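Just dropping this structure here.
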Amino acid sequence: MNLKQDKVTDLATAVKTYIKDGCHISIGGFTINRNPMAAVYEIIRQRVKNIHLYAHSNGQGVDELIGGGSISNLEIAYGGSGKFAATCIRFRKAVQENLVTVEDYTNYQMTLRFLAGSMGIPFLPTRSSLGTDIINKWGFSHKMRGDSPKLPDSKLVEMDNPFKGWCDVEKVVLVPAINPDVTIIHVQQADRRGNCRIQGLTFADVEQAKSAEHVIVTCEELCDNEVLKRDSHQNQIPFIHIDAVVHLPYGAYPTACYKYYDYDPRYLKDYAEKAKDDISYGKYLDSMIYGCPDHAELIKKIGQEQMSRISADPETGYAKNLDRR
Amino acid sequence: MDYTLKEMMTIMAAREIRNSDIVFCGTGISMLAAMAAKNINAPESVIFFETGAIDSRLEEIPLAVGDSRVMYQTSANGGLLDAFATMQNKVTGKHVIGILGAAQVDKFGNLNSTVIGDYNSPSIRFSGSGGGCDVASFVPRSIIFMQHEKRKFVNRLDYLTSPGYLDGPGGRKRAGLPDGGPVMLITNLAVMRFDDITKEMYLSAFYPGVSPVDILEKMEFKVDISRATEATPPTEEELWLLREKCDHQRLIL
Amino acid sequence: MNLKQDKVTDLATAVKTYIKDGCHISIGGFTINRNPMAAVYEIIRQRVKNIHLYAHSNGQGVDELIGGGSISNLEIAYGGSGKFAATCIRFRKAVQENLVTVEDYTNYQMTLRFLAGSMGIPFLPTRSSLGTDIINKWGFSHKMRGDSPKLPDSKLVEMDNPFKGWCDVEKVVLVPAINPDVTIIHVQQADRRGNCRIQGLTFADVEQAKSAEHVIVTCEELCDNEVLKRDSHQNQIPFIHIDAVVHLPYGAYPTACYKYYDYDPRYLKDYAEKAKDDISYGKYLDSMIYGCPDHAELIKKIGQEQMSRISADPETGYAKNLDRR
Amino acid sequence: MDYTLKEMMTIMAAREIRNSDIVFCGTGISMLAAMAAKNINAPESVIFFETGAIDSRLEEIPLAVGDSRVMYQTSANGGLLDAFATMQNKVTGKHVIGILGAAQVDKFGNLNSTVIGDYNSPSIRFSGSGGGCDVASFVPRSIIFMQHEKRKFVNRLDYLTSPGYLDGPGGRKRAGLPDGGPVMLITNLAVMRFDDITKEMYLSAFYPGVSPVDILEKMEFKVDISRATEATPPTEEELWLLREKCDHQRLIL
């Protein structure tokens, strides 16, 4: 956190400052929506390695970070991108080829883990996963846990309800808090101090941000401080949690940003196709990521015609009648 | 009447949904089943996504539960915390019906959507639980969609991702879970249900043209076929509403 | 909960239907803001008795329910109404005269208890109150707890962190969930199905509503369903949690309702004065509560002049330069 | 210069607040101290209420932390959960300074704001913890406001509502609390602080015209007065800003 009045910076600087080899991060968004894709691409471009990534169902962003070779450890609930990839393709390959060490949780558990981190407590209880292999099977060994001060000593802990039978509950699962070194989110509006306003679903972005040591926000619109101080019940994250603000139109592209643009079905289908094969994927990386000095260049490459096709209808917040087959 | 297997499966699920249900949907056919129910037989049912959207006005089919289309004209746009709390909540959770898919199922309706092979070095990796284990843990009723193949109906799951009846009668209670479990499993051949007493899967209905014995051959474990009847195919009206009101863009069908 | 399309009813019916002698309830709002005062007065008017009340810092509403003789048990964090009564006067008298049985928690603990109830789990952890009498001193005896299925067997439970030292925490306090029979809240806008939109601070209203078996909402504006379905990220409580909707302008009076009206300093000062003495308080009850058949009558009695003095400035949401000395 | 005791007390607290502080305020003088700091010596400090309002633009003084005036032009309007999580949060909590009041204090800065007498049958009932115990539990620094009277500075609290240093050095750690505790206690006579090693209260500064011995007489327990100096009264500028920028309506002063 930081209480500065002006935290605006450029994306390359923000990533260089906060995203280090081996750091623990989380990214916002859900499957094909509001992933901080510009930041994901910049991390790949800067060739940051050995990241420990916390994800619930972050979909496209997770798959690209894995495909770009930045991830070594992954705590995850779901590696899928909706209809475009029921199981994310580079994720699946990396797990099957033992290129990443993965540990499974549920979506609620990952969200509760961020919430616990944001609340400053070591765990939260739930009834989810009792009796399942989510509890029994660990991805990270006792040794790996013992070697890292950034990992709790157990995956999950089952406990009898100490208020006997209260709420008709006999047992709960305790999920350990996550406190990422850095969380990156993409929002519709932010001001220079870092106040954030998300439109539509917030997913787990708020908890992910508040649980982190540092937060980078990319935003579609950079607003005057005065603007977001009006109707401030619409702001979900106050500036005290934020370290860097980057003004980045289309920062979630090729995923969607409600009220601004839809996901790009053409890009995502093309991605899924290229992701199947290492050689074609290498070409994808070269042309779309390494080949673009920044996100603006990628958007330029996609072209105005396609960008206007996915531009959001102001009433519905998505691109009506977009060809999504 | 002319209908596809996908249409048959969708309508089988839709008919199970009641007017007072809050329907937890995933991507694809499960979302379509919820939309079909709302447009056909359960207009007051409430469509609900783990991403936090409740009572979405789905003018177009979302291609993921995070699709912006689920955010349009909801009763509230929250986040994952709100959605899962609604399912775990003692009052609202009792009204939720979950619709799930999986890669493997066992005779007690437990599901694997995580890995084939050893967990730490799997031969096949799937997407993982997502909200599947959560909804299966919390809610009283769920519907499962699967393809009917021997390698999917197994004696022993490679990984138990989402709880059905666990090890049978009383299994959920012993594990600490609330009452619940799958009420039906819909495949490309048949509708399976679970015995009230033994909690074991049985054949409830086979699709026209499919024989119960053929179905048994596509499963590792045996199930009771004595109670099976032929399923009633979609009616003309059901099909029309499904095709024109739910998926006129033919994104799922 | 109830999924009906139209839950609109009148206040007397809603209170008669849901608020029974001996039931466990909670009310929304905070000190002198957005308390569901019309409902509080109606409960007193209907002479409901022996209510078990859960409160954080609900202030004026709590004091009037106690003063009206409706409360026998009270779980509370704070009995005060800001500058008007640093300690609520009828609350203080009732506790000192052993007319109510009271058990103390902190504001965070009460809020977490509602949150736990809303999440369907038996408890939540915090570090608050370790080492204090909040843990050591119970208001409700073991016997009282044993006799009521609606009370957990312990007040609070201390526990060692099962994820040893994770988050630099060695110990936590577990607070038990609350699931009131009924929660009553007053909001700015609701629709006929019960979707609720609160402006300004939500306090703990959302958690209080979601933890209850039944919820009564009173609202300043009753909106068409279509209205609240727009920009629905501004709705905090979806209709599935709500049982009854009552259209009740000035339903929070004499407490404030952000963007609609301010608290009435004259009423609150007068109340604090009358509350000091049983005889003058009896007269207050007779004239302002029993003497008014409904809330509209009370508002009429206050008079248009005073109501327009406390009318909110549209920009700031309160009555600017209101005489509050 | 002409100033009131309340003004003296307010300025004593304001001077303790730093530019990087997030200031948790209650009602009355504590809120005024936070406003004074922001207008005088710590313009970048952030005013923060347990009700969920952060960085409020206080154009008028709120008469309660639930007053609509705290909601105007905030950085975010949340709820109690947000506010207390901010204090318990490992990152933001470290920057919060709490301002508290109480009915009794002991030499280790523990506070009673609940009852006098037996808890189950008290002779005097106060408001209770509110958020006081929470902030005292969570945050690294707090300021206490009290009236200097013998019955308030006691050997043994009737009820320990909010933790100071508990039973002295290491007390908070033994109880499981994070580091923290009061850094100063401001009364109508003096400023007390707490020894780094013993965690015991000592007299840090006495107001002009007040003798350290008089102060001792108004306390049940003895404190070290050897380190005491005379407090520097409010400057003309401080007073002007306090009166004109913070409480021009004279609601607290």
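The letters A, B, C and D name the chains in turn, as written, and every chain counts its residues from 1.
In this section, contacts are C-beta pairs under 8 Å (C-beta built on N, C-alpha and C of every residue); 3 or more make two chains touch, one makes a residue touch a chain.
All of these numbers come straight from a predicted model, not from anything done at the bench.
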What whole-Å value do you get for the distance between subunit B and subunit C if each is reduced to the mean of its CA atoms? 40
From the mean C-alpha coordinate of subunit C to that of subunit D, what's the distance rounded to whole Å? 27
For subunit B, write out the residues touching at least two other chains, lowest number first. 71, 77, 88, 90, 138
For subunit C, residues that touch 2 or more chains besides their own: 119-121, 126-127, 167, 169, 172, 179, 200-202, 233
Classify the chain contact graph as line, ring, star, complete or other. other
Which chain pairs touch, all of them: A-B, A-C, A-D, B-C, C-D
Touching residues (chain side subunit C, partner subunit A) in the complex: 117, 119-127, 152-154, 157, 159, 161-164, 166-167, 169, 172, 174, 176-177, 179, 198-202, 233-234
Can you check the complex and tell me which residues of subunit A touch subunit D? 1, 3, 5, 118-121, 179, 193, 195, 210, 212-213, 228-230, 232-233, 235-241
Complex interface listing, subunit C residues touching subunit D: 29-34, 56-57, 59, 76-84, 86-88, 91-92, 95-96, 98, 102, 104-109, 111-112, 115, 126-134, 136-137, 139, 158, 167-172, 200-207, 256, 258, 262-263, 265, 312, 316-318, 320-321, 324-325
Can you name the residues of subunit D that touch subunit A in the complex? 19-20, 22, 44, 46, 54-55, 57, 71, 73-77, 85-86, 88-93, 95, 138
Subunit C contact footprint on subunit D (complex, rising order): 27-28, 50-53, 59-60, 62-72, 77-81, 84, 88, 90, 110, 114, 119-134, 137-138, 159-163, 166, 171-172, 174-178, 249-251
